[in-house]
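The structures come next, written out as structure tokens.
You will see chain A twice below: alongside chain B first, and alongside chain C after that.
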Partner chain A sequence: MTTPQLEILAIAVVTAVGCALVGSFLLLRGMAMMSDAISHAILPGIVIAFLIVGDLSSPWLVVAAAAMGVVAVILVELLYRTGRVREDAAIGLVFPALFSLGIILITRVVGNVHLDTDVVLLGELAFAPFDRLVIGGHDLGPRHLYLMGTITAINLLFIVTFYKELKLATFDAGLAAALGFAPAAIHYGLMLLVSITAVGAFDAVGLVLVVALMIAPAAAAYLLTGRLGRMLWLAALFGLLTAASGLWLATWLDASIAGSMATCAGLLFAAVYMLAPRHGLLAVLLRRRRQRYQFAQTMLAIHLLQHEGRPEEADEARVDHLYGRHVGWDRPFTTQVVAQAVAAELVIRRDDRLTLTDRGRTRAAQALAL
Partner chain B sequence: MTQILIDLVTDYTLRTVALGSAALGLVSGALGCFAVLRRQSLLGDAISHAALPGIVLAFLLTGSKTPLVLVLGAALAGWAAALLVMLVVKTTRIKPDAALGLVLSTFFGFGLLLMSIAQRSAGAAQAGLDRFLFGQAASLVGSDLVTMAVLGGVVLILLLVLWKELKLLAFDPDFLVALGLPVRSLDVLLTTLLVVAIVIGLQTVGVVLMSAMLIAPAAAARQWTDRLGRMVLLAGLFGALSGLCGAVLSSIVPHLPTGPTIVLCVTTLTVVSLLGAPHRGLIAVWLRQQRGRRRLQRDAVLADLYHLAAQHAQPDRAPHSARVLRAMGTPAGLNRTLAHLTGEGLVRRTSDGRWRLTLAGVAAGRRLVTEGPTPADREDRS
Partner chain C sequence: MTDAHSPHGPDDLPRSGNQQGSIDAVDAVTAPAVEVTDLTVAYGERPVLWDIDLALPAGQLMAILGPNGAGKTTLIKAILGLVTPVAGQILIHGQPYAQQRRLVGYVPQRGSVDWDFPTTVLDVVTMGLYGTLGWLRRPGRREKVQAEAALAKVGMSAFANRQISQLSGGQQQRVFLARALVQDARIYFMDEPFQGVDAKTERAIVALLKELRSQGRTVIVVHHDLQTVPEYFDWAMLLNIRRIACGPVAEVFNDENLRLTYGGRVEFLQRKSQPQPAPPERDEPPVGHYGGHIQP
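After this line comes the complex of A and B, so read on.
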């Protein structure tokens, strides 16, 4: 790997980790789409600040544009509080309007190579190594690395400092308010951080894909653990993996870095979604299947218990009478359930007739007692 | 202005653009009502973003830039995205909004990845794939119009045919189940219609902003009426109007991207509706609240004056100073309220600056105290 490639990797990793950290809280607070709204809404902020500052990587631009993100959040909340539109519609009204404003400003007013619609959507990570931070004649490395590094460090500092408050405000806002933790302050602090992160990541991956970096690693982590601390670590790790694999994919296909990173974020989530031990699709489907059969076994035991010692028992306990009108199962399913019930020692099969064992009787009685 | 109207009829390009944008606004506005009422506003956002990889894949696989092929790719991808969102929500503990954001951003990212490949290998710029990002009304030609009209016509006809069922789906899906109608199929059908409505607009508005065309007209129309039929009609009208305005503006002014212009038009319409609609409008509500507050103040002062006056032998000849009224805890704005009551002929100011009830005032005060407050002229319907 050459030095520019390493530098790009470093910027990508720092960006992805910073996004994943704040993204985790957005996800848990049920505000994932707010990242979409904020990332779109900061565009007019960036354009206006760029017109004033004239430099895309200036810290002032970050602050001014981030303020726009918070304005968007407040607009959404104001609109929602009028009671005239629902929250999702409020989000869907505010961000396209602000984004449109930004796009029109870019094409009509700015229209130069540093800021055009391609940059807005794709970022320009590939060119980041050319923009150096030079202090006193010393080349200290790419400027974006410092910018994004600072932002990610601020995110980390905020989360470590206010971990307890964030946790409480996220999971029990009422209790947080009652204990005097000011959930509103935490809320707007978080929104400000999301905005700042989105502005910083804008250069790297473009506006729309910030959403991918914020949500996908966090969602994948959320499927793997139920503990906040572990989720944050995992999300950061997934962010790192996303950045590295995305960069590799982009180099391999000679394609857009931002697009590749978002694709990898999606693939990573898909893999976790399939394979996660408890919440993954496979695990869920297997569990549902197992539960279906277990339920059927219990049903079988109950059915046998109901007719036990009665005149119709000889008829009802025959396997070929189970499917069809008695229990309503089809034949292969019945065969399988019976085989499983025999294996589990719930019933004993003699020829074509089933008899409950003690264990089967207990199981049926327990189920009925519930 | 007149020149624009003449051009609208005579100029082929402008006429095509205007008709196309109006058609997209009409269909997306009407369909958007159902999305907004069912709290699926942002599903449209996910579908439209997710259409991008479908468009580029269709182009890469067929090498064709026929709108119908690209639209078909867009529809397939959008539909797949909608199903994926439902699947993730149904099978995991991930909330709907996160699933939407996830699918939206990763599909869109994949689309951009494909687009960068297409740009390099096949010249996607020549194929005009760029225009699907922010829309380019000027790129519409007659055959696009036919495609849009046919697709949009089918959507609107289905909407009419299934009107009762879709209405129930929006307001009372449980009742639909109780009637024994296939809710799942209707749900999928409505999502499919949504997908079609979205892909119609992609060429003009673009994938990034198409969701606004679903939400904004519906949100605007909702403010003017409480009836679904009227809401759908109005939303279609609003959508068509803003599509027309935006497309014409962007055709006349050079370098004005169509999508954002249309979105700003429709947002303006929505803001006007939110503020100015007769019953639900924020201005109307504010005025109503002000009126109600003034009525409460008037009643309170009138009642206080009556209680004071009733202790005298001649109630209409018993003046009291404003300070007494203040001491009785009269709400703010006492002077204005007294002026108002004077205007009604219920109160008169005496020469020494105190206030007394007239005979009519005594009667009104008695009525107020014995029969309760003046009935509101209209119930607050917010």
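After this line comes the complex of A and C, so read on.
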């Protein structure tokens, strides 16, 4: 890897980890879509600050953009509190309004500076190594790395410091308020961090895909653990994996870095969704399949028990009786169930006849609760 | 932003029955456990509570009764400062709530939180101690021991390390109660603690409420099952946006007041004379039909 590639990787990883940390809390608060609203709403903040300051690398852009993110949250809540629109509708009303304001400002007022709409939408991580932080003639590295590193460090510091308060306010805002923990302040603190993080991430992945970095790693982590602390660690880890694999995919396909990273975030979630040990799709399917065969074996035992010692036994206990007309299983399924029942020592097979063992009899009796 | 230390810190709390008498006697004379004066709450222009007055002596078990939308939950939330009243004054042992937080334990409705939240039973119970910990301080060994003791009290010790999503409704309610118990409060507010719990859990909760009372604590419960009111409670407030009646159960829990509260026919008091096991209530009784309970 060349130095610029390493720098890009470092920026991407730091961005993804920072996003995953605040994204976890958004997810747990049922506010995943708020990340979309905030990430879009920061655009007019950036543009307006640029119009005033006239410098794209000014820290005031971050401040103004983050403020605009919080304004978006407040607007959504005001709309929601009127009781006339639901929260999702309120989000859907607020962010296009602010975002389009930003787009119009860019195209009409700012003109042809670096702030063009493509970059805003998709980010341009590939150029990040050209933007250096130079102090007193010394090249300290890419500016974005410092920006995003600071933001991610702030997120981490905030979460570590207010872990207990965040947990309580997220789980039970009512109790948090009753105990005097000012859940509203915690809420807006978190929203401010989401805004700042979105501003930083906007340079790396663009506005559209900030959501992917905030939500997908958190959602994957949520599937894997029942502990908040572990969820945060896992989300950060998934963020890191998303960034690294996304960069690799972009290089391999020679495609957009932002698009590749979001794709990897989605793939990672899909993989976890399929493979999660307890609630994953695969585990559930396997469990159902196992249960189906277990049930079929019990059914077989009961069937044999019902006819045991009766005149029709010779007929009913034949394997070929199980598929077709009577029991209605298909042939491969019957073969497998019989084989499993024999292996489990529930029945003994002689030629085509099945006889219950003691164990099989017990199983049937238990199932019938005799 | 730590809470100001109140004159009745948790340390003043009577822990055994022998000294509570004097403390509560003073309280009962000088300041009721909960005193609400002219409380009005409105959502927009719709009044939810009109001019509510309440003076509850300490050491009582009080039921808040009323039909759906009567403002029962809102009353509790207003007392706890969770909704802002339009008018009125609220005092807890003679002081505003903000200065008395440590004296108050709160059990919200079970459905008010997300039980899929990634945390354990023990962790949820420990949250009851966050108030005494204040900002920034983390729960440690001592808090863990306290939380475990509270879990044992509600018979949930075996579930300490379970993820909360694996609990049944009754178990969730027990966890919430344990969380309130660790607060070691002098006044408890419980919003529908019997909702959706089985008969066994209901009996366990009632025993716990009576134990709290015997320690001189005050408990205020939003309740729905009218049949169990005389058995479970000392005081009752009948509420339907305005206060219909409030006082000792023997004085206010009668036909006339119930009719005023719920409207419609009242067949309840005739049936009360035949003792019968209290069926667990699942939903609020529909207006006018609270006399007959359908066994779920």
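FYI, the second predicted complex is superposed on the first by the 280 of 370 C-alpha atoms of A that agree within 3 Å, B and C clash if a C-alpha of one lies under 4 Å from a C-alpha of the other, contacts with A are read in each partner's own complex, and residues count from 1 in each chain.
The criterion applied here is as follows: a residue touches a chain if its C-beta (ideal position, glycine included) is under 8 Å from a C-beta of that chain, and two chains touch if they have at least 3 such contacts.
Being a predicted model, the structure only gives us computed values, none of them experimental.
Once chain A is used to superpose the two complexes, chain B occupies space next to chain C without a clash. In the overlay built on the shared chain, the residue A:222 is in contact with chain B and with chain C. By the touch criterion stated above, A:153 is placed in contact with neither chain B nor chain C. Set against each other, chain B and chain C differ in how many residues of chain A they touch, and the higher count belongs to B.
Of the two partner chains, neither chain B nor chain C is touched by A:271. Of the two partner chains placed by superposition, only chain C is touched by A:180; chain B is not.
Once the two complexes are overlaid on the shared chain, A:99 sits against chain B while remaining clear of chain C.
Judged by the touch definition given at the top, the superposed model places A:6 against neither chain B nor chain C.
Of the two partner chains, both chain B and chain C are touched by A:83.
In the overlay built on the shared chain, the residue A:168 is in contact with chain C alone; chain B does not reach it. Using the contact criterion defined above for the overlaid structures, shared-chain residue A:211 touches chain B, although it does not reach chain C. With chain A used as the common frame, chain B approaches chain C to a shortest CA-CA distance of 7 Å. In the superposition on the C-alpha atoms of chain A, the part of chain A touched by chain B in one complex and by chain C in the other spans residues 30, 83, 222. By the touch criterion stated above, chain A contacts chain B in their complex at residues 27, 30-33, 35-36, 79, 82-86, 88-89, 91-93, 96-97, 99-101, 103-104, 107-108, 111, 117, 121-122, 206, 208-209, 211-212, 214-216, 218-219, 222-223, 249-250, 253-256, 258-263, 265-266, 269, 273, 279, 281, 284-285. Those residues of chain B that touch chain A in the shared complex are 36, 39-42, 44-45, 49, 88, 91-95, 97-102, 104-117, 120, 133-134, 208-209, 211-212, 214-216, 218-219, 222-223, 255-257, 259-261, 263-264, 267, 270, 274, 280, 282, 382.
The residues of chain C lying in touch with chain A in their complex are 1, 3, 44, 77, 80-82, 98, 101, 104, 106, 108, 112-114, 117-120, 123-124, 127, 130-131, 133, 135-139, 163, 165, 179. By the touch rule above, chain A contacts chain C in their complex via residues 28, 30, 83, 161-165, 167-168, 170-172, 174-175, 177-182, 222, 225-228, 230-231.
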